[in-house]
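Next come the structures, one after another.
Each of the next two complexes has subunit A plus one other chain: subunit B in the first, subunit C in the second.
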Partner chain A sequence: MNWKSLLRHETFLALLLVAVLIVLSFQSDRFFTVSNLLNQGRLMTEIGLIAIAMTFVIATGGIDLSVGSILGLTAILTGVFWQKLGLPLPAAAAGAIAVGTFAGFANGAIITRFSVPPLIATLATLALYRGLAEGISQARSVRGYPDWFYVLGQGEVLGVPTQLWILAAAAIIASIILAYTRWGRTVYAIGSNEVASRFSGLSVEKTKLALYTASGFAAALAGVIFVSRVSTTRSDMGTGIELDAITAVVLGGTSIFGGRGTIAGTMIGLCLIQALKNGLSLAGVKGDGTIMLIGAVLILAILASNLFERSGTR
Partner chain B sequence: MRNRVLSALLALSFSTSLSHAQSAAWTGGDELPTNPLACDATPATVAAKPYDGGSPTNAPDRKGKTLKVVDVPKLVGIGYFNATSKGIADAAKEIGTMDAKTDGPSKANIDDQITLIDNYITSGVDGILFAANDPVAIAPVLKKALAAGINVVGYDANSTPDARQWFVNQAEFNGIAKAMVDSMAKETGEDGAFAIVTSTFTTPNQARWISEMAAYQAKCHPKMKWLETVEAQEDNILSFNQTNTLLNKYGDELKGVFGMTSVATPAAADAVTQAKKCGKVAVVGLATPNAMKPYVAADCVKSVVLWNPVDLGYAAAHVLRAVADGTLAPGATSVKAGKLGDLSVINGSEILLGAPTVFSKDNINNFDF
Partner chain C sequence: MSAVVDLPPTRPASAAQRPGFLRRLFADYGQELVVLAAIIALFVVVTMVNPRFISANNLTTIFSGNAYIAVAAIGMTMVIVTGHIDVSVGALIGVLATISGTLAVAGYPVWIAWLAPVLVGMTINACIGALVAYARIPSIVVTLGALSIMRGGLISVTGGTWITNLPPDFLIAQKSVLGLPVPLVFMVVLTVLAALWMRYSAFGRSLYAIGGNAEAALATGIPVERRTVAVFVIHGAFAGLATILFATQLQVIQSTVPPNLELTVITAAVIGGVSILGGSGTVIGSTLATILFATIGSALIFVNVSAYWLRAVIGLLILATVLADMLRRRGRI
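Coming up: the complex of A and B.
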């Protein structure tokens, strides 16, 4: 059965995470402190939100490369709606998120309506949305947001960074949907065999459309949080974030061919990368060394997971 | 993996062509007021301004103690910031009581830089030297450093003033603008048409220089024609391609190219050389002398404008030491910076390195950085 190998990958990854945490806390006494860990949670929220939606997308055998551009577009629109159109900030942010969600919907429509492979479709919109962001912003940053807006990205609720609550809620809801609902099973079914799913009467197109829309929404939400965290908007925001999100998802055991993957795996993968980045930096390793190590860990984790799979029932 | 590389390439080419289509409408300058210098060599009068920098909360007494300092440039691995970190290392060695290391993002990315600084705050340094990728985006994390009692000094690219204590200004914007435009006018004549290759339209220094150049050109060389400003991301290949496109697009009309970054200028010179337009198209720009020596020797480039980045890093390290010792406090009018002597305080909380240098065939071989 598949779930066995799946369980193994995540167990392995969780053990790896624990090992990394232990090693890193011996390297620097400032690593394993509550304030540092919470701060790291703050820094990984944007990638985390995107990675959660990306897990669904990749589990159907698709991919969404345009998330970074949607993030940038949403960020710019939040600023433009608020400053140029004079909307109140909550309305501006909501409007920008609506546009970002629609951008995701457009991805889904292109993919399902015209059967364009997701890689190509979202590669095209990656360029398109980034171009829109640059064009709309006219390369001007929007700054000077009111203080209350920074609560979202820089503030705390009950001692925990505000956005971490959002990430936790999103992760819990998403894992329930993926693991326990008929809809979640549909996602796996599409990833395992799209043709068979269609003949089994599953609504393949509708599900995919909803997934890419959700991916757009997650990226848009991450965009608003990002603006609040860095207190300015720039059209180059979120460049390359799609690769960080995909790395976390794949490290978390989601098969790039679809049919396999869990939210828990993605979250562990995300934490592992963030812990390595932060812990190595605190231990005095420079940026270039850290990136190399993360690459090595990614390859090792995938190799180990393949080994388990081969020794399993498959 | 191949897909990713492919996608990155495709995306790059897409976004380049997109920014092309639109960049004609943009000058690449910012919206801040300009202050062009006089057309002759009359020095500008400096208005006194009260200290507007921030101050660290409950900083321990660091007088004479060894400082643990991290230097976070915009990015690592390019000649310019290698030179600034050499200056910082030189100064640290000379001072003795300073333990400095350089660590920066591998791309000029705001988020990577913020995360890096955040990690160093957690790791507990005494001082941070930075060159900001975005003046506002970096402010929250620098304020956090100040709140943690860390001494914060900027160099090369400023943040909002209240997010750091002092900023070492390599050259005043209008001074650079004057040197650039005067050199170009000398080479292309008073009615030449020129284009600009910059990093991105939001990079603070470049946007400021371009605004000042526009103002100075309008005031002192009104017949020169400004064709276009293009973005090249501080990327070698992109800078080359953008210059090539400009050469093809404007043909003989184009008489000169400004390179606004130390990456763009040599790439522009290379593009002009390969197009066999040396002597027909002038290249004037900001660049490190070593990168420009071949083009200057071949007479393709006549003037390279820059301050000495080794001195810039050197001065920044000395300023940080002075701040930590308490010898440089708000209200001071000058600071001692080792072999550079006394540097003066301008604009409230900035320290001026000096006037820019114009490197030419006569003096470029005296510099090695």
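Coming up: the complex of A and C.
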């Protein structure tokens, strides 16, 4: 029964996506072209990687607000390690990703060791990591990376943007883990009832620690891709990206209370948001109007799913 | 039904054995005293490094320039005590400031320009509160959505232009009463009134009961849903009052959302001793915490540390406070 309701939400969302795509392609000739769609895929990779990890985190009933700051910190460190410390660029990027992953691990440690609510812990680290990015960079940007580095963010492999391959691989691996492994099922169990999971002998703390670490890694990887895509590093990169990621996840049917959600849903939610953003801007709506619409979509989607849920259980 | 329930004090340790005054003070206001001590220590140290730190000019900047944050943090404290959160308050203040400034420039009487943000703030937050209480959407989701709606809406409508030519009568934050700057008076009076109200009124106590255990509060006859909406409405009123101070402190109003304002306000509430789990905390603490931030920000400049490190320092401070809060709780259990 649970599976049926899941399928229903995602089917509904997929139909909505198709409808939006059709409407938008009538609005502008430039929307439904291969090059535009691939380019949109490029733009949504960073949010997508973060949203995949966020799906796991929210499915356990947690949240990670610090991802945008981890992204910014990683971006800054990539530049600083490369330019100031003189490391070769691959080592600099790897080092920055390691720091970002550790930042995620620190979130997990604070949440599991000290039982701080995830919302507050990551709100604090949101300020801390962004502050470190600002302090380290002193508001100076780093540019002039070697050409090969831009392959990651601006290049193509077999005619498809490089980072879209990464996103697709991440999505497939993540959905297999979440749906079919013992570890993935543990995520749902924690989200449904943490105390019961602990009494059933599941390693709740270890799982959560791993998830927040993975969330840090995803944000860090997104940070390096971001730098490669826009050719520069700035300390305010990724500000507010947590909102986009959470919107995609929640729109995709993951319950904010945990226990429910799929990667497929998140990916459809992500495409829906990106299609709306792009389609509206092609139709002449400014970016700010789009932000408004996404906020409204977020509230309405949860309102609708709450109403469905209530009528379903009775 | 109005619930007049005799609730136990928030920190029951003090009532049980009737220890001495100081011990009771520390049990009831431990976190607030820690923050106060930090402020005093900071003042002493920085003044020794650079005596100009306690010049009248700098003191005015520290206390009056940040009073609007303290006022907004009063409402935020009530929301968090009740067990909710509001990440949209920064965007709300941005919207309200633009409304207020536009009315003032359009030639409406200044009292209308001051009243409008309070009323609009209450109305907007009534909607947020209703979605939280009756539609049962978690407050973090509702306010994240409201944040984007208000931020996007504000920039689309104003295009980010500045409001200039504000009438001099309108600029209340630059005036003084009995030799004291108006923002300082606002901050102190509102903090004291809100603190008394939260500690001694039945309504105020019921907020702690709801935050402590909403189901138990419902069972004792507290109308939890109505109170939740009411708390958000009151929070909206404080956001409106904060807006008056914010909008009138300079000669211009930037029609954009002040960046990270919501985070500063939430942080002030949390550091001031509002438990992140709901159910305890006072507005005296949130006001003291606002002053502490302002002092740190100013101190960094006076001891020649780059202001770019400010947010890292504040982030570290929140983390330390939150961890201390959790450890203290664990010790008590």
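For the reader, a short list of remarks on this structure follows.
The criterion applied here is as follows: the second predicted complex is superposed on the first by the 299 of 314 C-alpha atoms of A that agree within 3 Å, B and C clash if a C-alpha of one lies under 4 Å from a C-alpha of the other, contacts with A are read in each partner's own complex, and residues count from 1 in each chain.
By our rule, contacts are C-beta pairs under 8 Å (C-beta built on N, C-alpha and C of every residue); 3 or more make two chains touch, one makes a residue touch a chain.
Note that the structure is predicted; figures quoted are calculated from it, not measured.
On the superposed subunit A, the two partners subunit B and subunit C do not both fit; they clash.
Legend: residue contacts after superposition of the two complexes on their common chain; A:Gln138 is shown touching both subunit B and subunit C.
Judged by the touch definition given at the top, the superposed model places A:Tyr129 against subunit C, while subunit B stays out of reach. Once the two complexes are laid over each other on the shared chain, residue contacts for A:Pro117 go to subunit C alone; subunit B is not touched.
Of the two partner chains placed around the shared chain by superposition, subunit C is the only one that A:Ile299 touches, whereas subunit B remains out of contact. When the shared chain is aligned, subunit B comes close enough to touch A:Thr232, but subunit C does not. Of the two partner chains, neither subunit B nor subunit C is touched by A:Ile22.
When both complexes are overlaid on chain A, the residue A:Lys277 reaches subunit B alone and has no touch with subunit C. Of the two partner chains placed around the shared chain by superposition, neither subunit B nor subunit C is touched by A:Ala169. Of the two partner chains, subunit C is the only one touched by A:Ile256; subunit B is not. Counting contacts as defined above, subunit A residues 119, 123, 126-128, 130-131, 134-135, 138-139, 243, 286, 288, 291 meet subunit B in one complex and subunit C in the other.
Residue ranges on subunit A touching subunit B, taken from their complex, read 28, 30, 35-36, 39, 43, 65, 119, 123, 126-128, 130-131, 134-135, 138-141, 143, 150, 154, 226, 229-232, 234-237, 239-240, 243, 277-278, 281-282, 284, 286-288, 291. Within the complex formed with subunit A, the subunit B residues making contact are 3-4, 7, 10-11, 14-15, 18-19, 22, 25-26, 28, 31, 76, 103-106, 109-112, 114-116, 118-120, 122-124, 134, 136-137, 139-140, 200-202. If you check the complex, the residues on subunit C that touch subunit A are 85, 131, 135-138, 140-142, 144-156, 260, 263, 266-267, 270, 276-277, 306, 308-316, 318-319, 322-323, 326-327, 330. Partner subunit C is touched in their complex by these residues of subunit A: 63, 110, 114-117, 119-121, 123-132, 134-135, 137-139, 243, 246-247, 250, 256-257, 286, 288-296, 298-299, 302-303, 306.
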